[in-house]
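Letters A, B, C and D mark the chains as written, and numbering starts fresh at 1 in each.
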Amino acid sequence: MDLDALASCLATTSCVVTQTTSGLIVGMLLFLVAAGLTLIFGVLKIVNFAHGTFYMLGAYLAYTVYTATGSYTLGVLAGGAGMAVFGVLFERGLISRVYGANVLMQLLICYAVVLICDDLVKIIWGPDFYAMGMPPAFQVPPWFIGGGVVPPFYALLIAAALLIGGGLGLALGLTRTGKIIRAAAHNPDMVSALGINTTLLYSLVFAVGGMLAGLAGGLAAPVRSLTPGMGFSVLIESFIVTVIGGMGSIGGALIASIVLGLIRGFGTIGFPLFTDGLMYIAMIIILVAKPSGLFGKEIV
Amino acid sequence: MNSPAQPGGPPMLKISGLTKRFGGVAAMSDVTLDFAAGTLSAVIGPNGAGKSTFFNLISGAIRPDAGQVVFKGEDITGLNRAAIVRRGIGRAFQVASFFPSMTVEENLMAGIAAHRSQWSDLNHRFPRQGVRARALEVAEMLGLQDKAAVLSANLSHGDQKLLDIALALALEPSLLLLDEPTAGMGPEERWQMIEKVQRLWQQQNLTLIFIEHDMDIVFGISSSIRVLCYGRVLAEGTPDEIRANPAVIEAYLGTPVEEDAA
Amino acid sequence: MTVLSVEAIDVFYGSSQILFGVGLEVQQGQTLALLGRNGAGKSTTMKAIAGIAAPRRGHVRFRGTEVTGRKPYVMARAGLAFVPEDRQVFPDHTVQDNLIIAIKKGPDGQDEWPLRRIYDVFPLLEPLKARQAGRLSGGEQQMLAIARALMGNPVMLLLDEPSEGLAPIVVARIGELLKQLRQTGATVLIAEQNMHFCLGVASDAVVIDKGQIVYRDTISGLKANKEVRSRYLAM
Amino acid sequence: MRRAPIMRDIVIAVILVAVLAAIPYLTPSKAFQDFVIRCSSMALFAMSLNLLVGYTGLSSFGHGLFFGLGTYTFELLMQNTGLSLPVAALATLLFTCVTAIVVGAICIRLRLIYFAFVTLAMQMLAHSIIISWVSLTGGDQGLQGGIPRRFLFGLSLENQYNLYVFSGAVLAVGLLLMRHIVSTSFGTSLRMIRDNEARAAFLGISIWRVKLTVFVLSALFAAVGGMIMSLFVSGAYPELINWPISGDAIFAIVMGGVGSFLGPTVGTMILLLLNDLVTRQTEYYGLALGIIILVFALGLRRGLLDFITERLGGRPAGGIS
């Protein structure tokens, strides 16, 4: 614990800017993953324990396409698209078979997929970690804002995540399909009674959730090292975000992601070994105060 | 089959000014009712009238916003479910509620043991002395003795409703609340059920309040009727008084009064 | 032409039988009232037709096709619109969004009930279109639920207890609306406790009690039959 | 709820432990003894979790907290104090009990999935504390340096054979105790809560009290499992309180069968056998295990012992459908 360091950091703008930026990229990437997780839970009442794996596979896919084509954009898009397809296959092939089953059975299925995918990654890409590196366009001197270091790529990441998140919000809020998805989260039987094929809808939701995780993985690839098993810490953090925000609430996930990102950003200064612990404490405190999360509705 | 009300009996249950709001909606407003000891009373009213809320408030499933529930002279308002059960109010549910992984006998033994539960529970193998005999006794009261060894999940719907009532009786309550004892039953089954309920009431010396939609049954067996509507008491009285009450006919049935006098 | 025919269906919830051989028919352009007390089996009958509760025995035929046990969305696409008991509008969505969700092309690819026409028929809804459906009054929600069903451009409408829980004046307004609809030649099945409400709305009636159909007649025939009414509908 | 006489269970347990003690005289396989020790530790842990999951319907994802707490507390007491082994073990149980009361009081009022996640968060919080409190716990290196004074009533547990028989005996006693718990009136109230919590409350059961009691009891058994593991590995390491520990226990109970009393023990054996066999054959342990899980979960749709019980026409004692 180093409270002096934290105090002196908070006293200088440069440190505040640097830590806020690094906190925000953590938070925004987390938001993309958690948004998919909470969306899937909101509509299907399924906790997708394999969601971190989507993120990992998205990152590897993006890495491969990037090294093959040299285009980072293409890499990220491939990560997103690939995981959308993977999400549908996962839903149709495995998870739809345990709808309504005990949550432990769902957990076990997802656990199996996590184990299998981690090893498949080892087989395909090897057990060592990869550093994809910054795309050439971003290998430029960082910006200095208020004395703080802000690499332009970080700004891109935050902007891209905001754009995707905003796009998702708009799509859910304004398009007919988005409205149907929100309605299905509330009352799937009535949605079905209005002539909408809910089986298809569930696959679509998994596709969107997978795509978001894949995009996040692709976006994160240049700033994270790629290893088999990289999905797990993301999974845990996005669970925390989902639970704090209230399961099923995307707005709640956004706020919780930013809070968690900032806890990480500043926690590394004040509590270098205990940043994870801070997140868990935040989660426990919030759930004790409000048992269904910040924006969650009471579920049975 | 009418049994006369006992107007002279002391009120077993006194409810005064009972009020409960959910969000902005008043589910129960200022309900004041007395139930005399030993009576068999029906609570009727249209859907959403607050009948189940009424039971939930008495049995401690939800806390009232205002008002009092006095049972045998003791104020039980706001006590939790377990505490109210221990004071002698048993309850059966609209959707039969029991322990599906247990047999009929085990259900009843569990209910009896729960009622007597103590910290020393960890010292005693289940079931304790005498519990099995008592369970079979309760099963017999409802004619379930032949099905004692049947897994309750596999019982017929009617028998599940009987088991639910038996569980309530296992507690030896003095007041029994039955929420639609005949819900989901075929025509003949209903009367068999209601005959059993009536027999219980007589033999066990119970005070019994039931919610029921079947008017033949309501008017056939109850000694007094309370009509709830939009969370308020619309009327109370004997079956004859209720039958003739214009407000009840209007609110409950939407049928013109004058044509129904016949 | 028979639009809907229900033949001797038995419906169970878990181990409990709710319907015992229920049968009825609805003709093209007919409005049939399914009357009965609370808990008599009206809602279950409606759900069995709409595909929400699958009958264990018996048949449901819609426009000549066997549809027993089909999923709700298949029934909706075949042209059967269901307005459930307690309305089930999407409370967090606006009125307009509730309607938009239900848009469905007609059989000929034509939007026969575009929003414009809905608002013409339900003028009360238009000024409320940006309001959250959960904040509407009961009567407004009922209108929205009916309007939403019409968005799907149905061949037939199933209304489950449209008057339930509404103030008399609102009930009258819903009644007017249904009369209007009847004049356009709509085919409707209404489940109701309130026979009065159905008098001007429906032409024929069947009475259900304890899960069985116990009486069939014209609605005026039922009105005149005090014995049936007091036995199955009144006290 | 068949009422098996307790004496019969005790006799069976004594015979099994005696057989276990005799085996090394027939075949001197160290690997087998290792297996039994690890199995005893994990089986106690998995069985204790099943008191929550299978019997009460409380799906905890963070039960490894108490397993890890057992290893660390015991190890710390043995290394830093002069307490004898049995006293240190009792002190460990006391500390676990207090922790479980606090954690339980916070967690048990949460519903289903929130309960699962908060228990997991509790465990991960403990893990974080252990990682960051380097001066006390050795951080990510764990507590090495062995366990001094490893004597139990004059018997050295440093001797592998002694530890092997001891572990087996502790498991047997643990199973007998848990068997007793689930066959008491208290055990019945657990099942009532799992089956139908509202009905149980309307029969006069104090839900909160029963849930907290079973939470604490199961934490104690988990801590015993942890202490055996600590004796086996001669230390305490962060992996023993990390999330996969809980994952293994969940795996064991779901694979073995939540509805059969011995299901988690069988599941633990399956898990450890798979572990040993598969890692010997291939480095892709996860791939193999994942496929086996899918075959089990989608094929049997229930634990092995539950499956067998049902096939034999019996009725599982529990079930969490």
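In the analysis below, a residue touches a chain if its C-beta (ideal position, glycine included) is under 8 Å from a C-beta of that chain, and two chains touch if they have at least 3 such contacts.
What you see is a predicted model, and the numbers here were worked out from it, not measured in a lab.
Any chain bridging subunit B and subunit D, meaning touching each of them, is missing here; the list is empty. Note: the chain lying farthest from subunit B is A, by mean C-alpha position.
Between the Cα centres of subunit A and subunit B there is a gap of 51 Å. The distance from the centre of subunit B to the centre of subunit C, with each centre set as the mean of the Cα atoms, comes to 33 Å. Distance between chain centres (mean CA atoms), subunit C to subunit D: 56 Å.
Between the Cα centres of subunit A and subunit C there is a gap of 44 Å. Across the whole structure, chains are in contact as follows: A-C, A-D, B-C, B-D. Listed in rising order, the residues of subunit C touching subunit B in the complex are 13-18, 20, 37-39, 163-165, 193-197, 210-212, 226, 229-230, 233-235.
The residues of subunit A lying in touch with subunit D in their complex are 47, 94, 97-98, 101-105, 107-109, 111-116, 118-120, 122-123, 236, 239-240, 243, 247, 271, 273-274, 276-277, 280-281, 283-284, 287-288, 291-293, 299-300. Of all residues in subunit C, only 50-52, 71-73, 75-77, 82, 84, 88, 90-93, 97, 100-104, 148, 152 touch subunit A in the complex they form.
Only residues 176, 179-180, 182-183, 186-187, 189-198 of subunit A touch subunit C when the two sit together in their complex. Subunit D makes touch with subunit B in their complex at residues 1, 3, 6, 180-181, 183-189, 191-192, 194-196, 198-207, 315, 318-319.
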